[in-house]
Amino acid sequence: TQKQRFQQLVHQMTELCWEKCMDKPGPKLDSRAETCFVNCVERFIDTSQFILNRLEQTQKSKSAFSESLSD
Amino acid sequence: AQELLQRMTDKCFRKCIGKPGGALDNSEQVRTGGRSGDPRVCSLGLPLRLCVPQKCIAMCMDRYMDSWNTVSRAYNSRLQ
Amino acid sequence: TQKQRFQQLVHQMTELCWEKCMDKPGPKLDSRAETCFVNCVERFIDTSQFILNRLEQTQKSKSAFSESLSD
Amino acid sequence: AQELLQRMTDKCFRKCIGKPGGALDNSEQVRTGGRSGDPRVCSLGLPLRLCVPQKCIAMCMDRYMDSWNTVSRAYNSRLQ
Amino acid sequence: TQKQRFQQLVHQMTELCWEKCMDKPGPKLDSRAETCFVNCVERFIDTSQFILNRLEQTQKSKSAFSESLSD
Amino acid sequence: AQELLQRMTDKCFRKCIGKPGGALDNSEQVRTGGRSGDPRVCSLGLPLRLCVPQKCIAMCMDRYMDSWNTVSRAYNSRLQ
């Protein structure tokens, strides 16, 4: 469902951005870490969209790779 | 909820217990006797579940929840 | 089933504690490594229980986070 | 395809964006205002999706596809 | 299905060998990296087969471990 | 069993083959010709499956099984 996909992606981004933004958890989420998390999410979505768009444009149709894409 | 709990436990265990790649250090070897079924002793006389570094885990939990909420809001606002 | 959940958790703990306790696999599991594995399991269960107990106590009921908890 | 896309996004995000274990550096904080719903500004005046380090991600994608194909061929020839 | 298992293993090997062989993605897959990927696949399959063969030979039949193997 | 096998293969491959983050070193490039379907040559004249660092993988397997058993016992005694 839509809600499950939303939560799944939030789990994945939280895990990835936690690695990037959280060195030692402190008594509160400081503004530097919060900015890092927001940037991290934005960049992750930018990256996903860039990859999706580029894949659609290139359509390297002869490789084993693209066969797997068309499953 | 199950998945969140698993991820949080994994992350906070890694952050708060022992050192990556090394043995658990002395301050974390206070719990003994667990395998023989003996009553377990905690050096500080606390109940069993309090033998972990509580402050570190509690902060880690709160920060993980903050992070989850921040990511969730940022993703939501991006979707609109 | 119960047995599957037991084994799943043993897999997870073995993987996590392997990282913490096993530097270079030697000709036998020495007592230092064995102690480390036993401690690692005990601390992991302690950590899980502490987290579960604290979550039940706090019940931060207004956040998106706790909505996800109530699924 | 879904799994390949997820793995590729994860790998190329890690390779091209920010530093592992650290904060995102200055050159990657050009995107702001995303949470308030304001129109977002990209310092180079490019459309939204172009604010990422395009060249790095494009190369990473191509190399990931090359790797997938190389592994696939090597495994295939081994099976025969 | 057979095709799915093939692709699943290709995903796993690509991920593992990517870590071993790809430092910084460049403008093309150079021959050194390509050799590394091919070697990596060969060694991974060798390792899998060695492990499988040895497990069958040893059959340590009394341990909790081997009980889990016989599920 | 399947999951245990996968995890053990992954762990022992990482421990015994090549260097993390680098290329496979010389001593591990003895296997060649695999892609063309030619009969493969192993520099030591051993059967195919013996071209891997057997001693390292065998020890790693045994230690992984020991670890699995130790963890299983410790968890069991804790449950009682």
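Chains: A, B, C, D, E and F, in written order; residue numbering restarts at 1 for each.
As a convention for this text, a residue touches a chain if its C-beta (ideal position, glycine included) is under 8 Å from a C-beta of that chain, and two chains touch if they have at least 3 such contacts.
Worth saying up front: this structure is predicted, and the values here are computed from it rather than measured.
Asks: Which one of the chains is farthest from subunit C, going by Cα centres?
Replies: D
Asks: Among the listed pairs A-B, C-F or B-C, choose the one whose interface is a repeat of A-D, with over half of the contact pairs the same by residue number.
Replies: Of the listed options, the interface copy of A-D is B-C.
Asks: If you average the CA atoms of subunit A and of subunit E, how many Å lie between those two points?
Replies: Each chain's C-alpha centroid was found; their separation is 26 Å.
Asks: Could you grab the centroid distance between subunit D and subunit E? Build each centroid from C-alpha atoms only and quote it in angstrom.
Replies: The computed centroid separation for subunit D versus subunit E comes out at 25 Å.
Asks: Let me have the rounded angstrom distance from the C-alpha centre of subunit B over to the C-alpha centre of subunit D, please.
Replies: 31
Asks: Of all the residues in subunit F, which ones touch at least 2 other chains?
Replies: Residues 4, 34-35, 68, 72-74, 78 of subunit F each touch two or more of the other chains.
Asks: Where in subunit E do residues touch at least two different other chains?
Replies: 21, 38, 40, 42, 68, 71
Asks: Can you name the residues of subunit C that touch subunit B in the complex?
Replies: The contact residues of subunit C facing subunit B are 16, 19-21, 23, 32-33, 35-36, 38-44, 46-55, 60, 63-65, 68-71.
Asks: Going by the contact rule at the top, pick out the subunit C residues touching subunit F in the complex.
Replies: For subunit C paired with subunit F, touching residues are 6, 9-11, 13-15, 17-18, 21-22, 24-29, 34, 37-38, 40-42, 45.
Asks: Taking the touch rule as given, give the residues of subunit B at its contact with subunit A in the complex, in rising order.
Replies: Those residues of subunit B that touch subunit A are 3-4, 7, 11, 15, 56, 59-60, 62-64, 66-68, 70-72, 74-75, 78.
Asks: Per the contact definition, I'd like the list of subunit B residues that touch subunit C in the complex.
Replies: For subunit B paired with subunit C, touching residues are 1, 4-5, 8-10, 12-14, 16-24, 28-29, 31, 34-35, 48-52, 54, 57-58, 61, 65, 68-69, 72-73.
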